[in-house]
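Common to both upcoming complexes is chain A, partnered first by chain B, then by chain C.
Up next, the complex of A and B:
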């Protein structure tokens, strides 16, 4: 169950690549093609993040902080440092997760977890710039050009339409990486994920791939 | 030699009975309580307990050899007997959201996968009540003074609630629920946070002996209301 949930966040945050721009104007097509070309030149990203979860029921927010490391073609580390310490590391077909409070490392295989496999595959598509592979799941709108901001609205038949109302993605001025993702959920909650001081195409320290801190 | 063997067997049995589980919190600092007046101690504790809580906890759910961690945002009004809770996994995906009172629990949101695993809202609601509600016994509860502990026993038919107060601060350290002679669940309070004169349980374990699971809860943040 936990694997599915983790897969969902990967889907939310990294895999909007399958959004589909039906009847998109030429301008949007050009922007998507441009982003695809630029982002395909990025092989690794290491970035801090601040995740602001706004809970509609409480009119309050919970803030999570940590770091994300991505190395193409198939390595990802998602490390939360506050308010609890947690790590998720995906390397090839192996997945490990750890949290400080339980102190346990859980290992699983991508091959036996189709939901994870789909998420990782989509993540790879996204960071390799596979925008042309976008499918019929979202309507995409170009909100601004400088910096580029895209709005993704799930189509009625898309699975994500059950819980996502809208996703806005803001790119860096040089269009090489995502600066901010804002997910508005059907429940009224929203999640703002902001990437801070990202480093592109730099060697990622081996410690980043160790699941236990 | 035979005596040594017997001692080892006894130690093994004790360890097995305790589930061989290591406690992740500092143990209670037991002190003699001979001079303590139980009634006054109880009054002080009741007066210090926060009645309106808005807290962020980390929760580790342990069942057999499995465990997973989550983050909970909880709002409690102990005077009104109401609560609201939102629980998410460590990457921020909401697992469930509930609101309830002493009698009922309403699910505002439950992740589909969790719905397939029984009546989650009911189970969570009951655990919240076990942990945070009724943290002090009624005035009619029977008192027993031991050297290091003061125990209150409160009976309603076959149901018994046992409250144990101990430590330097003489706060509630254990709460046990029995049906007949069977101990169905226990809550162990290892620490409290004293913020602006109000007490918040900050390190605790709920052990559900009947269903065989533990909840290990750590207070991460208090939002004053």
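Up next, the complex of A and C:
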């Protein structure tokens, strides 16, 4: 009997501790508001990145290296330098992409390509800092406060629920930019995206917006 | 005559009692107005033609007429798509009413990807054998290496998470045509809608769309007002940074009803003022009030009787009540003038009774002709008009004389006929010549008249609704309603089968890019069986093994794992069985809603195409080979109505002319006099046609109806004038005809102030017709009578 009571007390303490570690709704609100405030001051980001993909399709991890350029409100460039050169530039609703293998530039409209739309929407969501509005599509949890780490689980009706199981976002200690994004997909695939040497509010060179550069 | 004497004597002795009974009857009718139900259902104004009724039935039973769209647009650049989505969700959640069956602000997009991958199980039955032939080129070492390189490159893109499950289940992109067809089918409505975060958004992300499904059909006037009022009350709570508009046929129904109500108030007000003016300045006798009270009382009684017989009263009929009141005033005027001039003895009434009865009968006969129309609404118009005319005629002949006395001392010049116009042969011939020239010009002009069959010309929509629709088109693509080709069958399988065959022929005739059919995504069962047989034959174990072998060689070049394409192999091993429809797929069910209907015992499959004449013509020929199939298009609908009504109206006009001529002949008993009496009819029709053309207007159904009424009215003037020329009774005929024309002109002329195109059309034709009919009866008939009938007749 005593053992049972002890087990219940331990379970209760564990649940309490876990709940505390996850952060109360009030703390979460404060954190989201603080992040939104800080990140709203960022108009442009240029950063190097390393992306590690664990995909069931491939025998080994796929490791991509490259740079990301973001100019608010609607410009984004995703440039991969390794293992293969690939570039994607989005300006408003216009998409241009190029790859080293084919050597062709392909122009598309964001409105007519749901897969791009979803991906770009995701990136804009993470970098815009407007996490409060993301509460409509995600259940958000505060995993840690120092540094801030948030967990996003897509709600049933959200588009991202099609393929995302969970996203964890880790912020820089000064909370001005994202340090790491970890995406767990429904298929079991996972992607870890790490940002290196980010530069905030610096003028982005025009060459960054050239798809073949 | 004996009976008339008895009636006359009874009424003379009991006039107070009769007046009391009549007054009570009118009062009851007035109070009864509160319980009268009105309707604004345009269906009652359509002919019973099979094609028209079929199109109307389809629109009523399909899911087109029960939907309203709420368009939300951000009007402040400081707010974003997120704010818009939030507002759309709040609004959608707040809409809850027994009138609302469903509110949709988007689709559940959370399952779209798994569903699409599940749908790939049907790849075998949806891939035509020709595509398998093309696939052979890829199943070579070079072809496969190239394909794997492409898939590898896709893994480098940001959208790879979205693409990878697809590429694993369909490495050869065999589903591309299916996905393209799904996209095309989802755009069948013509709107440029994107789905963003599960919401219907415009391409710029600044507009959101909410679709409200209602139990109210757009043809229901009162229901439309209720649902619009309800939704507008909800829109008032929408945040200030959003403009919200309702886009629906229901808005047109309400706008039309509002316009016609305003018109009725305005025209009735102006007509009342006109009649009061006439009373004050021309009659100046309190008894003359009875003349004006008679049509009013008759209209009130008729309204109640019509309601009891027909169950409801059309706004169109009520809108024309001022015209009918103007017509029926004539009888009171004829009697009033005659009695004031010659006393209220039976002898006086005898002189005017015959032309009055025949005049009324010609008008009644024109309205009776409408009972032969296939348009139910015209039956009500015919009943309403004839009942009012007959009541007024009875009032005028039997009751009015007992309330008026001959008072020569008070007789005004208006009550006497005007002094004779000095005439000479030259003047007579000049007038006849002038009239003939005018007629020739008018007839030439009339020949160029065009018939406008477009029913939208009668849409009295408000500028506010037009502005909202224009804004909507701007935000959601230049939306043009497509035409629909419908096939029907007693069961689902046959419906798909017929649709498949028809779609093939349609695509060959107008191009597949112009024809959106469910058959392109989901062919008939027989076709899918053939496809699956070819697929199974193609993917025999040796072929699958060969593919696996090739991948094991080329795969490592790009780091592909052994089970990289395991989902594809599973599809090859277990293709989905052939079913009538795929089951458990929400996207298919949602897509199907636009393309498949179950109406009673029938299934209808709908295909869409641009509403262009060239396509309609080609598809009309094709549908002839498919019994039960039919076309629904705005253009085609207008033409069907025009075709159905043109023949019918030719018949009705002929009937009206024959009836008028027959009655005139019966009264005048002379071909010459009949010809003279027809002068106002011919003049009115020719000059009205000429004026309509000069005014840049075209002929339409309401104007033809009005022309028929004009025939009945102006033939009265002809009868009276010929009667007067022949018998020279001193009963104030010219004054009476003038006043009769004046009151009718007031009743019809006020319609020129109407905003509703139907009432305005009627106003133009009736005003010009009555005016020219009156002028010709007064100026041309006496001259022609002198010249042609009796050259020695005294001046008139």
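Everything below uses one rule, namely that the second predicted complex is superposed on the first by the 160 of 213 C-alpha atoms of A that agree within 3 Å, B and C clash if a C-alpha of one lies under 4 Å from a C-alpha of the other, contacts with A are read in each partner's own complex, and residues count from 1 in each chain.
FYI, a residue touches a chain if its C-beta (ideal position, glycine included) is under 8 Å from a C-beta of that chain, and two chains touch if they have at least 3 such contacts.
This one's a predicted model, so the numbers in the text were calculated from it and none came from an experiment.
J.: Going by the contact rule set out at the top, does A:164 touch chain B (first), chain C (second), both, or neither?
T.: Only chain C is touched by A:164; chain B is not.
J.: Determine, under the contact definition given at the top, whether A:101 touches first (chain B), second (chain C), both, or neither.
T.: Touch partners of A:101: chain B and chain C.
J.: Give one of first, second, both or neither to describe whether A:145 is in contact with chain B, with chain C, with both, or with none.
T.: neither
J.: Which chain, chain B or chain C, is in touch with more residues of chain A?
T.: Chain A has more residues touched by C than by the other partner.
J.: Between chain B and chain C, whom does A:154 touch in the aligned arrangement: first, second, both, or neither?
T.: Only chain C is touched by A:154; chain B is not.
J.: Return first, second, both or neither, reflecting whether A:206 touches chain B, chain C, both chains, or no partner chain.
T.: Touch status of A:206: no partner.
J.: By the touch definition at the top of the document, which applies to A:60: first (chain B), second (chain C), both, or neither?
T.: After superposition on chain A, A:60 lies in contact with both partners, chain B and chain C.
J.: In the overlaid three-chain picture, which partner chain does A:80 touch, first (chain B) or second (chain C), both, or neither?
T.: Both partners, chain B and chain C.
J.: If you lay the two complexes on top of each other, which residues of chain A touch chain B in one and chain C in the other?
T.: Residues 53, 55, 57-58, 60, 62, 64, 78, 80, 84, 86, 88, 99, 101-102, 185, 187, 189, 191 of chain A touch both chain B and chain C.
J.: In the complex formed with chain C, which residues of chain A make contact?
T.: 53, 55-60, 62, 64, 78, 80, 84, 86, 88, 93, 97, 99, 101-102, 111, 114-121, 123, 130, 133, 136-137, 154-159, 161-164, 183, 185, 187, 189, 191
J.: Could you pull out which chain C residues touch chain A in their complex?
T.: Listed in rising order, the residues are 80, 82, 85-86, 89, 108-114, 149, 151-153, 155-165, 167-168, 194-198, 203-204, 556, 558-564.
J.: Would you tell me which residues of chain B are touching chain A in their complex?
T.: Counting only chain B, the residues touching chain A are 24, 54, 56, 58, 60, 62, 67-69, 71, 73, 75, 84, 86, 88-95, 97, 99, 108-109, 111, 113-114, 117, 216, 218, 220-221, 223.
J.: Show which residues of chain A lie in contact with chain B when the two form their complex.
T.: Against chain B, chain A makes touches at 1-2, 4-6, 8-9, 12, 51, 53, 55, 57-58, 60, 62, 64, 78, 80, 83-84, 86, 88, 99, 101-104, 185, 187, 189, 191.
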